[in-house]
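Order of writing sets the chain letters: A, B, C and D. Residues in each chain are counted from 1.
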Amino acid sequence: MKNVRTDLAVEARELYCKEKEEEKHGIKVSTKKIEDINITTVDVLNEEGEEKIRKPKGTYITLDIPKVTLYDSEDIEDISKVLAGELTDITNKIKLNESMTVLVVGLGNWNITPDALGPKVVDKLMVTRHLKKYIPDSIDEGIRPVCAVAPGVLGITGMETGEIIRGIVQNIKPDLVICVDALAARKMERVNSTIQIGDTGISPGSGVGNMRMEISQKTLGVPVIAIGVPTVVDAATMANDTIDIVIEKMESEVSKNSKFYSLLKTIDTEEKEELIHEVLNPYVGDLLVTPKEVDMIMETLSKIIASGINISLQPALELKDINNYIS
Amino acid sequence: MKNVRTDLAVEARELYCKEKEEEKHGIKVSTKKIEDINITTVDVLNEEGEEKIRKPKGTYITLDIPKVTLYDSEDIEDISKVLAGELTDITNKIKLNESMTVLVVGLGNWNITPDALGPKVVDKLMVTRHLKKYIPDSIDEGIRPVCAVAPGVLGITGMETGEIIRGIVQNIKPDLVICVDALAARKMERVNSTIQIGDTGISPGSGVGNMRMEISQKTLGVPVIAIGVPTVVDAATMANDTIDIVIEKMESEVSKNSKFYSLLKTIDTEEKEELIHEVLNPYVGDLLVTPKEVDMIMETLSKIIASGINISLQPALELKDINNYIS
Amino acid sequence: MKNVRTDLAVEARELYCKEKEEEKHGIKVSTKKIEDINITTVDVLNEEGEEKIRKPKGTYITLDIPKVTLYDSEDIEDISKVLAGELTDITNKIKLNESMTVLVVGLGNWNITPDALGPKVVDKLMVTRHLKKYIPDSIDEGIRPVCAVAPGVLGITGMETGEIIRGIVQNIKPDLVICVDALAARKMERVNSTIQIGDTGISPGSGVGNMRMEISQKTLGVPVIAIGVPTVVDAATMANDTIDIVIEKMESEVSKNSKFYSLLKTIDTEEKEELIHEVLNPYVGDLLVTPKEVDMIMETLSKIIASGINISLQPALELKDINNYIS
Amino acid sequence: MKNVRTDLAVEARELYCKEKEEEKHGIKVSTKKIEDINITTVDVLNEEGEEKIRKPKGTYITLDIPKVTLYDSEDIEDISKVLAGELTDITNKIKLNESMTVLVVGLGNWNITPDALGPKVVDKLMVTRHLKKYIPDSIDEGIRPVCAVAPGVLGITGMETGEIIRGIVQNIKPDLVICVDALAARKMERVNSTIQIGDTGISPGSGVGNMRMEISQKTLGVPVIAIGVPTVVDAATMANDTIDIVIEKMESEVSKNSKFYSLLKTIDTEEKEELIHEVLNPYVGDLLVTPKEVDMIMETLSKIIASGINISLQPALELKDINNYIS
């Protein structure tokens, strides 16, 4: 059901846990804390887990970062380094060595601020493939060839993002693809404060972007790591949650066998959809809930992610050197 | 109560009418239709009216425009002309003659897309005061001196917008000030589809902008016309309405004297605030609900309003000539 | 020699004509006038022509448009229609029928204003391929599938633009590729007032963009039409021309056999380069000469070209319908 | 003569020194070096000096900074601190104490990239006046009230920038006004690599902005410090210099009493203007010469200047705290 769709494995797991109290086989969860960043790793181990959590088999790492400030370059650097560390753990798993080429793809629509995260990250990446290829002597031995593209969304290009990426991959032949995308969250508290890293690529219909074709090792032939940040809650989801909260509150106030209680139960999905329509009309489905300062927040988040990728992909360099390259 | 705050006289009137069934003295409402634009004029005639509708004494004209399309220059032109007509009616009331100077003020924060309407309108205005002053011979006799400014908001400038405007008015001495601002609506259906023109200036706390000092004839010493378009619904308002709708629905389903009904009544404002906090946490108060395409919609709306002002202030010119001046 | 490089066939021809007074075989030139737009068609017929004019064999149509104004939608429309007509003549030659798919490529760097023409055009195109593919019933029979992409430049992506386009072409299999690019002119008088349409694709090193791989039927396997507008003169070219003009002027003032005259002759290319370095230091090679209002001019030019392409590719539609689709 | 107009005292002095070999009374010049930044202080002591150098009596400090890189936050910080130091020396001279209010004015046109420096600086300032006024308890004792505005240029507002500023000053009553503006340089080598600080305000016709009314203590009634960076060379100036260089070169190659030499002398100003027209036609006077990456360079320069002002105006704070405030 659309209204409970989420791109975050941690949220999917919460939804699942609400239903069943104790954890079933097929899903392994571990947590750790680095500085003030909580890191949760959800491993989906088998089909059973896939079904429960409605996410493909693989590893999903979630960083809960403190609400980001706009200019504080030190905070941005600290978070970037933690992100880089987690990213490196995943790339090590796929045995990516220093000389291998990486293609970074910034997904999303640059005309819709909270969906522009991917393109903004691409803007800030250290792109080196052309230097390695055309003027190899002018740059350090240890630098990895990195290329990047922000292809735009179906509505802008008329082409599946997946089709475009596949075409590029076939010609450039990278050893790894990293996709960066803005996601939709179920709860405001996650918006702009959670970074998810996954090794299963991007599945259809994710995020605010418009993709139908999966972007994964299966479709591209190379490993695909996805980095996502929830930047919006869709207004229908918010309205739906509001209704649930009201009903829950009432349920908690009356005895389970009263007429009132049973009436509350009668408010089913269909009726809820009607109520939601009433609230959101005439924009249903196209409404986003975002913080006022979304433009500035996207700027900061894109710095964090770009910097995290740069650090992880260029282990031979200091952050200062990376920044000098970029300029 | 913050959650029912509205900048639109038509919405204020609806709120008022909900409470009392028949209309009291002090408020006169008339409606007409030009092409497919419904125009409602609300006149607040006296203190009694002011109290009821919580708007200062004066005239409020509301244009309900069809959902705007992005590029269709013909539609934009048609709406502009209707807007220009209404604007001219109001400026005639204050006996503005062709040679009098008008200062247009674009209120709002250009860093927050749905609040950038005012600054975007100023961008598209036909500004002529400097030509009349420095190279009068180079332009038509009939052209009115117009100047414009987008001063920014308190958080950007550290100054009351009202203080800035007053300073400019004291030095430039315009005969009329027109303020353009983005407003907050109570209902999504009004967002980006309603234009309000009022002759009472702008009162504290309106819109998304941050103003404390009133911008009106009282504070500036010259007549002030305000043009506003609701571009957002604040998320708290939306959550509040959602709760009301749920409760209404339930009330409609049970007898007025049941225990259930009385319980519904117990969900008072304070409890509602709690529920809303639960939904919006941690962003309460800073969340906006906007359509995905808000950037493009602001572009179109600013064209309509700028063009409406240009046509109304330069009766001696054809729209084509105006556009040639602007370029 | 870099300083006389030009992307315009008409300029290349002028350069050639300066050297030889009468026209040689291998180049056919014809001119016509539609409204106030002068149209010059240069046909390079054979190798001899290719050598003389340093442009590959093919047809080059040049529209000399009146200096564009910023807002005048009528002027923009008129020029668009003339452009559309010429474009249609060329597409007819390659027997493009209504159902065939077209890929429009916006070349250039969106971070450098005068080089952002291509990406800005893509922004304003009527993209339909996805509609034809996913919701064919919802749109008119006669609508042609069009897709579009702005891949960015080598410095941004680390990939040859040609590699990216080839990959997309291999996956999307369009019947025609139209490339839009900002060019460099030799003379200010051509800047922003000339549109060139060619059927030979784009050759290495053209424009301000960074391409090494040719984008043509040879490399893509489908016909390639290039639309270009000179948006800058490189400062070295301007300095070079300035020097030439000074020398010419002096030459004209003295007898051909004076010591002075012979001395003027001694100012050879190498010395000129030195002088130019002296003027442009330390920026040599990276300096652009542009009109102040370059941002606004790019906006208008991109409207003209996008509209011209839209009209030409969608003969079944009125411009108004096209604009409605776009919105 | 327009073609030798310069906003830089150091350039004015060079022009002057070309004419007279040794320095006359009325001008005092001193230099120092901090890190790799050369600092030149030109004091215009009396009318004699004013005449020679064509700049009002006062102090002009010039920082020659190394070519700025785009992202290197450390370099940016270092330069900011040197700028802050010089700025503090000047504010100390006017006995500005910690509690006094400062108004920062960002001059220039945000629609013309190289002229947008002032507005971009205002964007990045630590604005505190409203906090001191409305929520004094929430911020540190030692914080100085700062406010800021970017009023736009005559062509955008129809009002003299000076009129707008005067109006604001009359209402806000700051103790000091700091104006930031983009300037025109005579030589490419100064562009984007020189920062000038002056205590004489801004005189008519400076920079690329359009001001007629002087902005100074005389017109505003409070001290005015001007910070300027040359961001363009106007193309006419560049063409003029090119011609001079050619002529100089020739002069150096022939004996002073040859017919040729005397002919060179005949190329007078008027003829030069003709030649320049020939080169720049049809854009004469509206052409700017800028580096390709002007957008990114403006971003970096505005960071340096904003940070320099923030550090100097808030001595009680660490840069880190300042950045936290800003966010």
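Note that contacts are C-beta pairs under 8 Å (C-beta built on N, C-alpha and C of every residue); 3 or more make two chains touch, one makes a residue touch a chain.
Source: prediction; values computed, not measured.
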item: Self-contact between copies chain A and chain D, residue sets same or different by half; value: same
item: Maximum centroid distance from chain A, chain identifier (CA atoms); value: D
item: Chain pair with the higher count of C-beta pairs in contact (B-D, B-C); value: B-D
item: Geometric centre distance via CA averages, chain D-chain C, whole Å; value: 37
item: Chain centre separation (chain B, chain C; CA means) in Å; value: 44
item: Distance between chain centroids, defined by C-alpha means - chain B, chain D (Å); value: 40
item: Sites on chain B at which at least two other chains make contact; value: 296
item: Interface residues, chain A side, partner chain C - complex; value: 122, 127-131, 134, 145-152, 154-160, 163-164, 166-172, 212
item: Contact footprint of chain D on chain A as seen in their complex; value: 69-74, 296, 300, 320, 323-324, 326-327
item: Contact footprint of chain B on chain A as seen in their complex; value: 67, 111-113, 115, 188-189, 191, 208, 235, 238-239, 241-243, 245-247, 249-250, 253-254, 258-260, 263, 267, 271, 275-276, 278-283, 286-296
